[in-house]
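Quick one: structure below, then a few questions.
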Amino acid sequence: MKKIIDAVETIVDQALDGMVVAYPEYLQRVEGTLVLARSKPKETGKVGLVSGGGSGHEPAHGGYVGYGMLDAAVAGEVFTSPTPDQVYAGIKAADRGAGVLLVVKNYTGDVMNFDIARELADADGIATEVVLVNDDVAVQDSLYTTGRRGIAGTVFVHKIAGAAAEEGADLSSVKVIADTVVANLASMGCALTSCTVPANGKPTFELGANEMEMGIGIHGEPGIERVPMMSASELTASLYHRLVAELSLGDGERIAAMVNSMGATPAIELAIMSGHLANLTKSSKLSLEKVLMGEFMTSLEMAGASLTLLRLDQQRSTLLNAACDTPALKVVKH
Amino acid sequence: MKKIIDAVETIVDQALDGMVVAYPEYLQRVEGTLVLARSKPKETGKVGLVSGGGSGHEPAHGGYVGYGMLDAAVAGEVFTSPTPDQVYAGIKAADRGAGVLLVVKNYTGDVMNFDIARELADADGIATEVVLVNDDVAVQDSLYTTGRRGIAGTVFVHKIAGAAAEEGADLSSVKVIADTVVANLASMGCALTSCTVPANGKPTFELGANEMEMGIGIHGEPGIERVPMMSASELTASLYHRLVAELSLGDGERIAAMVNSMGATPAIELAIMSGHLANLTKSSKLSLEKVLMGEFMTSLEMAGASLTLLRLDQQRSTLLNAACDTPALKVVKH
Amino acid sequence: MDQVAFRQLWRRFAELIHENREVLNDLDAAIGDADHGSNMDRGLGKVVEAFNANSEASLHADAKLVGMTLMSTVGGASGALWGSGMLKFSTVLPDAAVVEWSGFIDALDAFVEALSKRGQAVVGDKTMMDVFLPAMTELRDSVDVQEGSEEIVVALAEHAKGWSDATRDLVARRGRAAYLGERSIGHIDPGSVSAALWFQALADTVRDQVS
Amino acid sequence: MDQVAFRQLWRRFAELIHENREVLNDLDAAIGDADHGSNMDRGLGKVVEAFNANSEASLHADAKLVGMTLMSTVGGASGALWGSGMLKFSTVLPDAAVVEWSGFIDALDAFVEALSKRGQAVVGDKTMMDVFLPAMTELRDSVDVQEGSEEIVVALAEHAKGWSDATRDLVARRGRAAYLGERSIGHIDPGSVSAALWFQALADTVRDQVS
């Protein structure tokens, strides 16, 4: 395992301090916790947004704390959901008196830890709502199992719900907007290499020279299928058609997309995928209004990429394009 | 070689198209060339800025095209300097009647190809100046050899010279400012893994499980020394002290820094380095006014990082903090 | 069971987890995210630290200390489950230094019920519940037997290991492994292994008490 | 030399570079950035394409076509050097279909001078100039010999290979390898190898003309 670290035990703590070093105008650390909160909290009376999860997904989640997106981000150990006390600290940091929306990716651990935190917040009189993100279409949705996972599409939830909260929408409205984002959101990813969980010290899985893993989650876990390497064109098309089918996107519909690197895959490859995406949307007569390309939800140093599609309506489009200013995502008004 | 590509020959062309797909509000491609130019050119009468180099350094160089930074970026094949005709096309795209500053990293190939392009521009009556970036302190400076290389510090030149040009400074003033940036700039990088040049299909060099390569350039070439892996603390200190010595930085001086990933090294590791950097500057009584942390000048999917220090004075500080809006770097006025 | 035994049980569990840390990570790597050993080891290390730093007045307080510590240091699915389970466990234990065997089983019953409620997993879902649920049945059947019956807990530890091993053939329906569907077949569930190790720790503790 | 021979020379050079593409990349990987073979191969492939698409009226025009093509397709240090060198070369060649051996040598002289001027490298700097500069001296000495003297060009090709091999022991002072300093010792300079291949192509062409 080759990583620029000091000790496995201190990675998360050190990294959070380093985030504040790099982004002091955006972030402060809530003392004694693994929570990053806005250095300039939003006005009282507005709904707070908290997101979080295991570390190792940088810039998620601290990178999305700032104007127009999150109010606080809660970090767990690498690939381990944060504990309820930490989530609760995040809720308190985000609460400006109008309640707090928790953005939770649908993993058992995240769901349970955030639920316990909500119970604590309840006891303290802080109103909370949850939006459960489950955009990963690689996984079958089912009532009888854990259902679909939340992956990179979560960033769209941060952006759109964050914009609504910034505009002053109340808690239940922000939740409704966030839920409709999720209802119109689909993602799928692939890995070209595994990543190495620092505490484990070796790659989580091994891939042959000509193999890729389709339908991976974001915890470096194996995907749902191992297939031979594809070209950029084949890969983009295969992900795209799957997402279009899941969302039943039809002629003339408006979409936003995210082409996300899992970590090691460089921007030049994402750009090639983005080119294919533009051509694919043209062929299916979809109106591609926005592409987020880059590292948004990573799995440490894994090579691979994910594609996300979001169906837009006027409201989501407006909120998506609303100004925001965070370390990892800035929408500047021209 | 596992990459999300279609064919080695079309990588650069496809990636440039993809950049326009992702950033249509910032970039347009100059038809028939490998040049990305601002989709909204700056006012006539202002100095143009052109930078460029081999591809594989994304977001460099197209990612820095936009308000307050570059006017055009010229791409070569992966790790190969662009050809003079392409550079000349970039110059023409950037020229708004007040001449063009070329930001050139000090590699033989870049220097010669940009020089030939200047001869073409000369013949056409477009005034050009060159700033030669040679921030890599791993390499001995010498009149009798190629001298020092230009690496990640180039981004500071884009930012500061770009801000001066945006403010309306004339060509010779912009060049003077750019030259003083270079005179106060020092960088050094390391690799934990090699990258694979697509056309070559295999890693450029091999590193043992406990080895790192110090003083690498940005073309995936071997560095100046192979050493055992260091901790984040040792690595940051070793790079830092080398840079401080080169710049003869003393008590109370103001600096900006860049903690740059070579590609695969994730943000969590950069953040750990940034934390150490902040402590180191405190110990040496330097005033660390700005940290750029992230992927700014990469070498495809290489794991590793570089550290850059820039001595600030009031002028450089003001220009560094001036608003800019490009795909890869945005300074938003709060 | 008294406080000494209770603490010994958890110290022993911490040891077993620490020894099996890599095994648990590897099992989790196959069908999850490779952190179950690290998570449990981190949390139980903190439990031992908490024991060393605090001498609580009662079993109730001890169990609460365990629950709070696990809840705030393990993280992930196992942290929420073990944490809230042990907090529930503590509410059932008396504010005293000793509890009857039957009282201990009642507390454990509350623990398992809390897990069921929180995690919604049933037998066959390929989770730690594949150990805890049958173990509870077996324990409840033993409620009349004297505390310290080495036989019972040793047999239980062995059975727990078997129930854990049997998760190998199951398709995961809860937790992170559920995303793998059929691909989860052929791998033992890591959480069931740590659950079985807890019963091993119980057996070891009772054996020590007796001898 | 006539246009047929001139084009054959470049076609042969293109072949040799293509065959040695990986060797050149590997040499460049050791002390540079692993692209010299790809760069030259890309450019020479385009030269062949340009030949196929254009029948120029003169040697001057043919040479200019080569220069423009290399200049705009090779890139890197070698592209700037070969490109501007061949453009210079073309200015010295007559607007005619044939040139005397001495005229060819004059053009080559201009080529090498352009390289020296652009690249500032001298013998011993571990670059293509370690082949071109001594080769020019040897050619100038042969200026009175009849065109088509197979002996001379075959010998020259052999010497060129030797000069290229000898770069192995040098410390690079120009080009990308210079950054490696002492570490560049022990590796042959890739640009010197492609330069030597050019002389090989020249020898092969002359041999073909003669036979």
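Going by the order they are written in, the chains are A, B, C and D; count residues from 1 in each one.
Going forward, a contact is a pair of C-beta atoms (placed from the backbone, for glycine too) under 8 Å apart; a residue touches a chain by one contact, two chains touch by 3 or more.
Since this is a predicted model, take the numbers as computed values, not measurements.
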Lowest number of touching-chain links that must be crossed from chain A to chain D: 2
Geometric centre distance via CA averages, chain D-chain B, whole Å: 32
Distance between chain centroids, defined by C-alpha means - chain B, chain C (Å): 54
Between chain B and chain A, distance of the C-alpha-averaged centres to the nearest whole Å: 29
Between chain C and chain D, centroid-to-centroid distance (C-alpha), Å: 75
Multi-partner residues of chain B (at least 2 other chains): 78
Junction residues of chain D, two or more chains touched: none
Topology of the chain contact graph, where touching chains are joined (line, ring, star, complete, other): line
Touching pairs among all chains present in the structure: A-B, A-C, B-D
Touching residues on chain C, where the partner in the complex is chain A: 22, 25, 29-35, 37-39, 42, 71-81, 83-84, 118-119, 172-176, 178-181, 183
Partner chain C, residues of chain A touching it in the complex: 54, 76-86, 107-109, 112-113, 115-116, 136, 138-140, 144-146, 149, 197, 199-200, 204-205, 217, 219-222, 224
Residues of chain A touching chain B in the complex: 2-6, 11, 14-19, 21-23, 25, 55-56, 58-59, 63, 78, 192-193, 209, 212, 229, 231-233, 235, 259, 263-275, 277-278, 288, 291-293, 295, 298, 300-301, 303, 305, 325, 330, 332, 334
